[in-house]
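Two complexes follow with chain A in common, the first pairing it with chain B and the second with chain C.
And then the complex of A and B:
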């Protein structure tokens, strides 16, 4: 009975389940960067770098799946390191803008290069990602981040987030930790992008642009950044929401978009610490 | 070259709205592009469906955009103002409003690209040597510059303008001095949105095409312009807008294709942020968001 239900459920909602997993992973990539107080709008671009690198390696060079995923994530991390050296000296909204500009440059590069397939995108990437892969990686990432949070590095991140100057005065190497958070975020985004590329058959530059970057931020804020589970909850709800609303006959076309906006607004106004504060039954002041 | 100047003045006008709100509140209002779209579409509707002349429609649509700004402030920003550290929430709630506005534009005006009816403006063409200028282009630049000058004078010389600058300097001190801070902020939003709507109308007239998603492309350019010119600086936004317009046109002229147009602009932006994060005319200190 249960098995039959599950298999039927999966036949209908399988791709939704997969996308929730990938979006959760992407949300977590930004969560790491945010946990060190750095607002990056470049994580979608890092996912793009991972996706294109892995896709090209698999298609053109017949590289085995795990190797191309690792290479995609690795290249994302290396580029994040190089970009992070100059960029992480600037703070707050300016950092957001710089990473945004970087993201646009990456997107435009993907449109104009030959190897990326231009604006039509990279087509025909073999489907090698399974639901087990996605949730395996997600579980590993959650475990890793939970361990990281309790470690010395995690506390240093938190100190930098609360007050960078004070953290520096306490002897925390802020430049090192900020770069680490940025590179870790890019690495996770790279993995997510790479497994997404092998799920979707086709990737296009537009998928990794500004609106994708903003979407990741929305997952984090709606879910709440107080815990590792917040971004996952945010990604889950906001990815599933359009499907749920599909069942409501009134909510067709533009109205559905509008409802998305209203829900987002309500969460921001009334649940400052995100939806996760519901589950904890407390509204800690951050 | 000349074209870059025209489109640049529209970018500048759009960016002033961004920079005004950022200067006063330190918040990026990402719904600004949606107001830009709605302003343009409303003017079009007034001309096409209600049969008004373009000048009347322009004024009404600008007023309407200003009202959208008030709404934006009331719904999305005022409730957040009482909370500490609300910059990120402000960003997200402005995105939420952008989604709502955009869906309203989709629902009311449909997803098609629409045009202004022919012959609403007498379009003369002047030729000097090798340069061709149309009267439409001149009107666009003049309206943009007039609005910018009016705003600058308003901020500099009137009592309300001084109040806005006082709130920008320090909200607390302004409140202590008896300035109606919430009123000033609401006013700032409506001025900012009115200018955004005006930019939307001029943009629509210039390209002769309006669509519910036209705000998307200018949103990023507007951000680039205010960074180029310096966050919170109005002359900077104008200068940045024109520089950005020129760089677009020059890139196309030099490379022969439009592929790299945006890449050059954003690379310049990245370099400026790294070398001089306050922009060309920005204030000396870098604020934390």
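And then the complex of A and C:
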């Protein structure tokens, strides 16, 4: 009975469950960077780099799936390091500006290159990602980030986010830790992109553009960044909402963005720490 | 000589914040800096902690040049500070503020934690005890779980001192540590600073409360328009005609 129900549920909502997992992973990629007080608008592009790299490696070069995922994530991290190195030595919103521009560069490159398949996208990526892969990676990421938070690195991130000058005076190498937070975020985004590519048969440049980058930020704002579970909650609610509202006339279609906007507005006005603040116990490390 | 200022100068645009400041701070003493507003006291502390670079001159810590090091390297030499305008991590609790201040003194390595090694939790417990003892040395251990932003002004100053102490400093730079404190709190801080100096910590202290400085400091440097007027014992400084003219006024100590 339960088994029959579950298999039926999966037949209908399997892809939704998968997308929730991927979006949660993408939301966490931005959460790491935000936890050090840095705003990256490039995580969608890093997911794109991971997706295209892994897709091309498996399709053209017959590279085993885990290796191409690792390569996609690794390349994202390396590129993030090269961008972050000059930008993160300075304070302020320069990372947001640089990554915003970088995201467009990646999108336009993907549209114009031959190896990426141009505007039609990369077609025929073998389907190797399962729901187990997605949630296995998500669980590992959550565990890693939860432990990271209580480690020396996590406390440094938190100190920089609160007051960079005070953090410096306490002996924290702020440029190093900001770069680390950014590179770690790009790495997780790269993994998410790579497993997404092998879930979907086709990837197109538009999926990794500016609106996707902002969507990740919205997951974090709606869910809240006080806890690792906040961004996951945000990704879950905003990914599932259109499905839940499918029966309501117009809601799944033209009204969807409007409903997202209303939720975002209400959270910003009334729950500055996000929806996760309903679950108090998860919020603090100590 | 523990800390030596050698003709340190620093200008902001056309303003000479510090001009060839030279004096020496002896180890394990409490050394005061006084002077009118805008005389360069905070700039001097900023130069020592590396937040502001010196245009010229040298700063020597136990004979080693330190004025070109970035702030985090200076902190690693055992130099901790507080800020005149209080820079706490306001969304953290008091305990968390001190934990964040343990960056250089606690391990909290990632790998043993990921592997859930028993050594990691033993270390964490020890670090938390250390953090609590920092809080109790400034008398706010009962506020450990309170958010920093919910503290009173005096408590905030004390928490900032506790956070600086988490670094286990050899040199503590305090920028107006008792501003806004009540008399009883001031007395508590006085005995805390004394016991720190007895334990071997050198304290470089800016404060406008002259009776406090007279009681506490073994030597005082007077700044005026970025220049050193004099350095000497509190009694000598008080009797110095230029100091009376520039800062103290007649019959103030």
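Going forward, the second predicted complex is superposed on the first by the 273 of 286 C-alpha atoms of A that agree within 3 Å, B and C clash if a C-alpha of one lies under 4 Å from a C-alpha of the other, contacts with A are read in each partner's own complex, and residues count from 1 in each chain.
The criterion applied here is as follows: a residue touches a chain if its C-beta (ideal position, glycine included) is under 8 Å from a C-beta of that chain, and two chains touch if they have at least 3 such contacts.
Every value quoted in this text rests on a predicted model; they were computed, and no experiment measured them.
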| item | value |
| --- | --- |
| A:109 touches, of chain B and chain C: first, second, both or neither? | first |
| Which superposed partner A:158 touches (first chain B, second chain C, both, neither) | second |
| Touched partner set for A:10, first chain B, second chain C, both or neither | neither |
| Chain B versus chain C as contact partner of A:172, first or second or both or neither | second |
| Dominant toucher of chain A (residue count), chain B or chain C | B |
| Touching partner for A:265 - first (chain B), second (chain C), both, neither | first |
| Partner chain(s) touched by A:98 [first = chain B, second = chain C, both, neither] | first |
| Which superposed partner A:147 touches (first chain B, second chain C, both, neither) | second |
| Chain B versus chain C as contact partner of A:278, first or second or both or neither | neither |
| Touching both chain C and chain B, counted on chain A across the two superposed complexes | 286 |
| For the chain A and chain B complex, residues of the former touching the latter | 39, 86-87, 89-94, 96-98, 100-102, 104-105, 108-109, 111-112, 210-211, 214, 217-218, 221-222, 253-258, 260-262, 264-265, 268-269, 272, 286 |
| Residue ranges of chain A in contact with chain C within the complex | 143-144, 147-148, 150-153, 155-156, 158-159, 162-163, 165-174, 284-286 |
| Chain C to chain A touching residues, read off their complex | 49-51, 70-72, 75-76, 80-81, 83, 87-93, 95-96, 99-104, 106-110, 113-114, 124, 128, 163, 166-167 |
| List of chain B residues in touch with chain A within their complex | 26, 28, 30, 75-76, 79-80, 83, 85-89, 91-93, 95-100, 102-104, 106-107, 216, 219-220, 223-224, 227, 231, 259-260, 262-263, 266-267, 269-270, 273-274, 277, 286-289 |
